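Can you read through this structure? Questions will come right after.
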Amino acid sequence: MATVTLDDLRKEYTNGQIVAVEDIDLDVDDGEFVTVVGPSGCGKSTTLRMIAGLERPTSGRISIGGEDVTDVHARKRDVAMVFQNYALYPHKTVEQNMAFGLRMSTDLSKDERRETVRETAEMMGIEDLLDQKPDELSGGQKQRVALGRAIVRDPDVFLFDEPLSNLDAKLRTTMRTEIQRLQNELGTTSVYVTHDQEEAMTMGDRIVILNDGELQQTGVPKEVYDDPANEFVGGFIGSPSMNFLTVSVEDDGATTRLLGEDGFDYELTDERLRDAVRGHDRVRIGIRPEDVSVSGPGRNAVETTVEVIEPVGSDNYLHLGVGEDFIARVASDVEPEQGEQIHVAFDASNLHFFDADDGESLLYETEQSAAPTV
Amino acid sequence: MSTASSVARRVEDVPFLEREDASLLLVLPGLFVFSAFMLFPILYLLGISFTNAEPSNLFAGDGALSVLTFGEAAFVGVRNYVTVLTDPNFWNSFGVTWLFVATSVTLKITLSIGVALIVTGDRVRGKRLMRSLIIIPMGLPAIFTITVWRGIFSSAEFGLANQVLRAVGLSSVSWLSDRWMAFLAYNVTEAWLAYPFMVIITVSALQDVSEELHEAAKVDGAGYLARFLHVTLPSIKRPVLFASILTAAASFQQFLIPYVFNQGGPARANELMVVYGYREAFTYFQYGQGAAISLIAVAFIGVFMWLNVKRGKLADGVNDA
Amino acid sequence: MSLLRSVVRNVKDDAVGLATTPVDTYREARYTAEGVLAGDISPVRPLKSLGLTVGALVVVLALLFPIYWILISALSGSGGSIHSVDGLRLFPEQPSIQPFVWVLGDLIVPSYRIGLAIPFTESALVFDTPQITFLDASAHGVDNPSDFKKFFWNSLTVAVPTVILSMCLVVPGAYALSRRKFVGRRKILFGYVLLTQVGGGLGIALLIGLYTVFVQVGLNDSKLALSVYYAATAVPFNTWLLKTYMDGIPVSYEEAAVVDGAPAWRVVVEVILPLSKAGLATVFIFTFLTGWTEFVVAQTLLGTENYTLPVGLFSLVSEYSVPWARFSAFALTFASPIMLVYLFAQRYIEGGLSFSGMEG
Amino acid sequence: ASVQQQNETTTSGDDGADDTTAADDSETTTASGPAGTAKAWYRLQDTELQARKAALKQFNENSKHTIEGSDVSDLKKKTTSAIPAGQGPHLFDWAHDWVGDYYQRGFVTDRSDQLNVDLGTYTDAAAEAVQFEGNVVGLPYAAETVSLVYNEEMVDEAPETVADMKSVMDEHHDPKNNTYGLAYPFDPYFVSAWAQSFGGYYFDPEKDPMLGLSKSETVKGIQFALDNFKPYMPKDPSYEAQAAPFSEGNAAFAINGPWYLATLKEKGVDFGVAKLPSPKGGEARPLTGIQMWYFAKAMGEDDADTAAAQSFAEWYTTNEDLLEKAAKNQGSIPVLESLAGSDALPSDVRAFSETVQQGAPMPTHPKMGKVWQPLTDALTKVFNGDAGVEAAMKQAEKTVRENWE
Amino acid sequence: MATVTLDDLRKEYTNGQIVAVEDIDLDVDDGEFVTVVGPSGCGKSTTLRMIAGLERPTSGRISIGGEDVTDVHARKRDVAMVFQNYALYPHKTVEQNMAFGLRMSTDLSKDERRETVRETAEMMGIEDLLDQKPDELSGGQKQRVALGRAIVRDPDVFLFDEPLSNLDAKLRTTMRTEIQRLQNELGTTSVYVTHDQEEAMTMGDRIVILNDGELQQTGVPKEVYDDPANEFVGGFIGSPSMNFLTVSVEDDGATTRLLGEDGFDYELTDERLRDAVRGHDRVRIGIRPEDVSVSGPGRNAVETTVEVIEPVGSDNYLHLGVGEDFIARVASDVEPEQGEQIHVAFDASNLHFFDADDGESLLYETEQSAAPTV
């Protein structure tokens, strides 16, 4: 158990032509579970691999437990990593797979190793599989073994690189809970990389969002969801995605109106929001689908067509004719016809505003956490 | 699935080529040509091994028919086999041959894996060029290379091997006049001849070793050697095993090296099986006996291969469950 | 055709890649140097790389030393011999390319007269192509150059039919063994694996039988018959090899083509073969090498006029003496095209031999 | 008879004329038959090969017959497989040691009744060598044997006795500095001079016992060679390793055959050739080989091709001009009575010629074929010090007897 | 465009030892989009491949457009298939990939083919990629090309085998809409296999649920969601999964009470429900997470502990101490403390009842569609 600190971490590939990770600062507290999320190619794996010692940073420092390990070889760092494809040694039995790390990094006797492995296997519910080879296991079992292999070593830090992405949806949720349970139990500092924002949200004590190698925002999942630092974060976190509209701001001193295409017309009354948009000609509004409600006509209600209705059982998704792809999540008993004209409304407190040019949030309190570098 | 019924079911209007059993026709030409040129001679050899065939009687007679009657050679029963199997020289060659297989294969594998690791190393630059250079021996005719190595292992003080020994301050060695030194020389030469093929296979195998497994092992705290033993080696085991089996068979049948070096000497001490057969058969043109020796050798190598193929599951394909 | 085109393209890429390697290396060196200067990169790392590269180079050179040694004797003019009494020499004493000139002989494209009749007129254009001299042996004091060109031609006319023929035999067989289930499939496969080596190495033992058969059928001294023989010996190993490679091609490509409406043979031609490029290249090289380097059978079966390169090479050796300089020069000239081909085919061969399908 | 005359005319006539006369002559000897084409096989070094090609050309241009010559590698294997299969040549060129064996196996054919040359034209030894049990199976054109070659820069005068030779070798032998006393391939053929020095022999069908390997005289001779020469030689007894030091000017003496001279000339070694020195109490008596054109099985029928082959063999083996040139350029030792020992020959060839006189032709008896291998093995053993001479020879003798059965 | 009819379709492997598909009956209407969903190994792919003609059924018949095609070779059936890993020919350009099917199955001239491919490519927005090789494309682009390749042939039936499972979450939703849009436009009969129930729900006109090679239920997504035929379907469809509790039925004639562990006590008043459970000692209740609401104490309210709170942004998932793993989906502003005691309530109309032994629904109207065979 230890803290992990990244200090101005940067990684370049092909002689500086590709910048995979750009000056990331991050502090992970002892026992914290941090999820790192971002689209494909944003540098998540690279960051994780630098923490593991599998890649050497181009510049910047990494400390684990307060000790600078930047120049320490992977095998000397007391971290355990769970890989996307499990990376189980195919020729070893489950037991040997799990014992390998112990054999390499501790002085335990054979019997002690056996004992330790057996304990962990029981904890993971895989004690019956110990004599099997990875080939003979199902995806979920493999995943459990991979976790077991990491846990058995009782390392300072757990690193996970999209460990669940090869599992099917059901199994993914099961395993997700399992990992959380384990981490709660063990209290080991963990960094968990995923491209699935839901996974990131539900699992992380804190969530770190990367894009294009750059840190976008860190924070408690709910805060990030409620108060995204920029349009990217807003759009990336949450499913279905936040809806965006570009609107022009008409401020006559008394009222502030936001005018958009398709007859969008919204009047801001809240002073904080008016302050935020004041001084901008055009802003991007972000509205989450669940914050859109079907209403009757009225002030600030927008009339629009229902283009598609997607039932997902628990809810219905309405694809509306506002902007590019505007979705409203409504209860499953709200079932307008396709093509029907309806009115939708949203509460001003649920609106997010972003700079039309650089996408920065106009509401985000910068003191909240370290300022993103964008 | 019963083949008969499935065939019957498919006969209807299915295009000919799409019938699975018709696929046999695709294999047959190769099989036929191969049999014609390899199996027929083997059978022929089997035939003459029971005769007293010599050039003078074997080639007598006219027309293609005389092939089948082995010219005018006379049937002598198993005499040739008895002669061979009671010859102490044969049993010596038998022992030496297996010893040679064991030592040379070990040497070849070690050398090839070593070289392959070097020319695939992460930190090594110019790997591709090195890999191309390294296979040059494959492009030279074996007979030439072996003649050159014969010169290298000259017992004379000025043989290259001796010059190297002298350069590092050792005394020169009578390579080919000393039984075990000659044996060593065979091994070195054999290894040198065979390494390009083995290295290519090993390099290919190494490139398929999962990087992720290596990383997992690194994180698990394994050093270079441990990773090699626990990750690399198991991953390349099958291709290397396969190459080893092939190369073991090649070692078993090595002829040119001992023959060119010192005719399986010194004084027949290192006569490998094929050399023994060649000397018995060709020095005095005893084709019948030569055939018997060849077939005994074939039988041994056949059993050896059969065991390996079985145990190594080399004949299994992906779709054999 | 597209196969050919893609091969040509890849070769071109490789050539470009080869040519740009120094540039890339330079770029990397500069980047590293900057990094080291800026203190971002510890100087130990590039040094380690350098050290390992040098180490690898040493190993490679050690392995190739015998070849280099041959080269020295080839470059030592007629005086060269590998049994030289004088201590270890790393450079030829009196370098001379005469042995190589002797091997190659004149390389002169004679002047041809080409007449082009101009349609609808009586007249014709007549060109005399210039005589092109690449190498004039007599200018280097070589009066009786070797028959290398003749042997080369013979080897080519043996190796090329060998390749064509074995391709014809191997490819359908490998495909069927890899993708179809039929009676006796496993047995055939098993037999092939068994015979890969037993067959190949039996060469000498089988020679008697083989020779008798050839003579009785009247096929000795026929290059084509020799090709057929080589192709036959190449069948088991190469079929098995290609089959293993084809096993690694996902079935879904084939299924996609079938669903697209392609008949079996088009699936093979349009999908399987192009995807087996690496395997095919490997088989190509291997069968070519068979025809190119085989010595014993060729020597037994062929008459002087039809000697292939290895036989020609060995005919330089007389009972008592080996003209080392020429012998070596001949051998190296002989090997050089193969090296070149390999350099470009390398990635295919390494791919073709990876036995990806074997991990069944 | 006409050949004899022709020979006289050629020796007396001037250069320009002899080609045509020789050719005319061959025309006349076979005037009756139609033109034929015959195959001739040989295995030669580069310099000899050029001369051979020139000779063939000369013959073909001046005769209605055509001879197609081929330089065939591994002539022994090739002839044994091709001739019985009916694919062989009409003539092939090799030393005479195959005569008995090949005759017995029916690979060669007796043409004593059809010959147009008198065997008396050749030296006795040569004439003897081409016959087996009275059958003439070919015509001889040169002899070969090993003799003493010395480096004139190191050795002032050829030694007469082995003792003299030893003292010179002592002076020059210094392997540390890459110089050697003697370069001498150690195999039965080369060693025969000493094995037979004291009355020993390997194999002689006229003697009893035929096999003389373990006779004390033979053993003594081999022991002598071992004691007196081995210490001054490079340690590798193989031909190549022994040929190199002398040809590079790093050995005082070599014992080798005429074929070696071409290499020496090429490398520019200043050498002299002398008779083999005599051992104390004996005389060097090397085995000699006779180079000859064999009449292969294909000449069994009297057709035009056979006539062509025979006329070529006769022309080649009796053409003084050709043989003299061969002597000059390739150190070939003529066996034509009129040339053998002639002063017109270069001095090296004369020296070889003298050694040939001292020596004994290799036996042509087929049993000899089975002596070489065991004997070679025995010599290797004794050279390597793995066995005493006597034991090794006894063992070899036993093996030979077994093989004979 | 055509109907697809499966008639008692059965597929056995390894000489009948493995029954991959067991007697499936299914009618797909002309122009219908049917999604087939089920856990891994349930026989989805096998079914689809039999329709395509890539596997031969052990017994049963397949008709396309009313014509029996059971013995017709795959290449003679006018179907197009999109594979999970796209199966784009790596050596052909995008254009050649798309034109291949046309070349094989039509007599179009080269120019006509070119024209057709170009049109389709424009429709798919991949006209710029035509000269590229599959390697050079991103996952989403590959997926588009694979779709294009199927569409360009204008087949009777589209078959999709988990075509989106290799894409990341965001891209998956985008492509999902795209496929729906295309199918709407083209109106081609489609069978779409997926293991993701959400995908199946949102995309299908009708949804087919398989388990263990057997058909469980077919129906309009909403119906299946609201009225699952058995416990398996109930649990499989919907995310988070339906919560299940085993309760004993205490029926004293006047009231029917359901008693479970952890103090679960629920009184049924609805006559229809009482009829359903009557005669059973024990039943399994199913309650969907979104039907669980946090309430005050009261009748039929169950008191329980909040074990874990999972915020997913739009909602919070409460893991409750009822039964094994009981989840309530509540609005994101309902934020009890971990370990807090709360009361949860659920409406009787939202309860599902299953036979405790065979899992059959006790409410499912069997006349609704062909009876499942379980």
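Per-chain numbering from 1; labels A, B, C, D and E assigned in written order.
Everything that follows uses one rule, which is that contacts are C-beta pairs under 8 Å (C-beta built on N, C-alpha and C of every residue); 3 or more make two chains touch, one makes a residue touch a chain.
In UniProt terms, the chains line up like this: A, E = ABC-type D-xylose/L-arabinose transporter; B = Sugar ABC transporter permease; C = ABC transporter permease subunit.
These numbers were taken from a predicted model, which means no experiment stands behind them.
Steps from chain D to chain E, minimised over paths through touching chains, total 2. Among the other chains, D has the CA centre that is most remote from the centre of chain E. Of the two chain pairs shown, B-C and A-C, the one joined by more C-beta contacts is B-C.
With centres defined as mean CA coordinates, chain D is found 92 Å away from chain A.
Centroid to centroid, with C-alpha atoms defining each point, chain A and chain E lie 26 Å apart. In whole angstrom, the spacing between the mean C-alpha positions of chain C and chain E is 55.
Chain centres here are Cα means. That of chain C falls 42 Å from that of chain D.
Residues of chain D in contact with at least two other chains: 77, 81, 85-86, 178, 240-241, 244-245.
The multi-chain contact residues of chain B, meaning those touching 2 or more other chains, are 15, 18, 58-59, 151, 154, 156, 158-159. In chain A, there is no position where the chain touches two or more neighbouring chains simultaneously.
On the chain C side of its complex with chain E, the touching residues are 2, 6, 250, 252-253, 255-263, 266, 270-271, 274-275, 277. Across the interface of their complex, chain B is touched by residues 21, 25, 48-49, 52-53, 55-57, 59-60, 63-64, 66-67, 69-70, 82-88, 168-170, 172-173, 175-186, 188-190, 192-202, 204-206, 208-210, 212-213, 215-217, 228-229, 231-233, 235-236, 239, 243-244, 247-248, 263-265, 289, 293, 295, 309-310, 313-314, 317, 322, 327-328, 331-332, 334-336, 338-339, 342-343, 346, 349-360 of chain C.
Within the complex, the chain B residues that touch chain D are 54-56, 58-60, 151, 154-159, 172, 174, 176-178, 262, 265-268, 279, 282-285. Only residues 49, 52-54, 73-77, 79-81, 83, 85, 87-92, 100-101, 104-105, 149, 153, 159 of chain A touch chain B when the two sit together in their complex.
On the chain D side of its complex with chain B, the touching residues are 77, 80-81, 84-86, 105-107, 175, 178, 234-238, 240-241, 244-245, 369-370, 373, 377-378, 380-381, 383-384, 386, 403.
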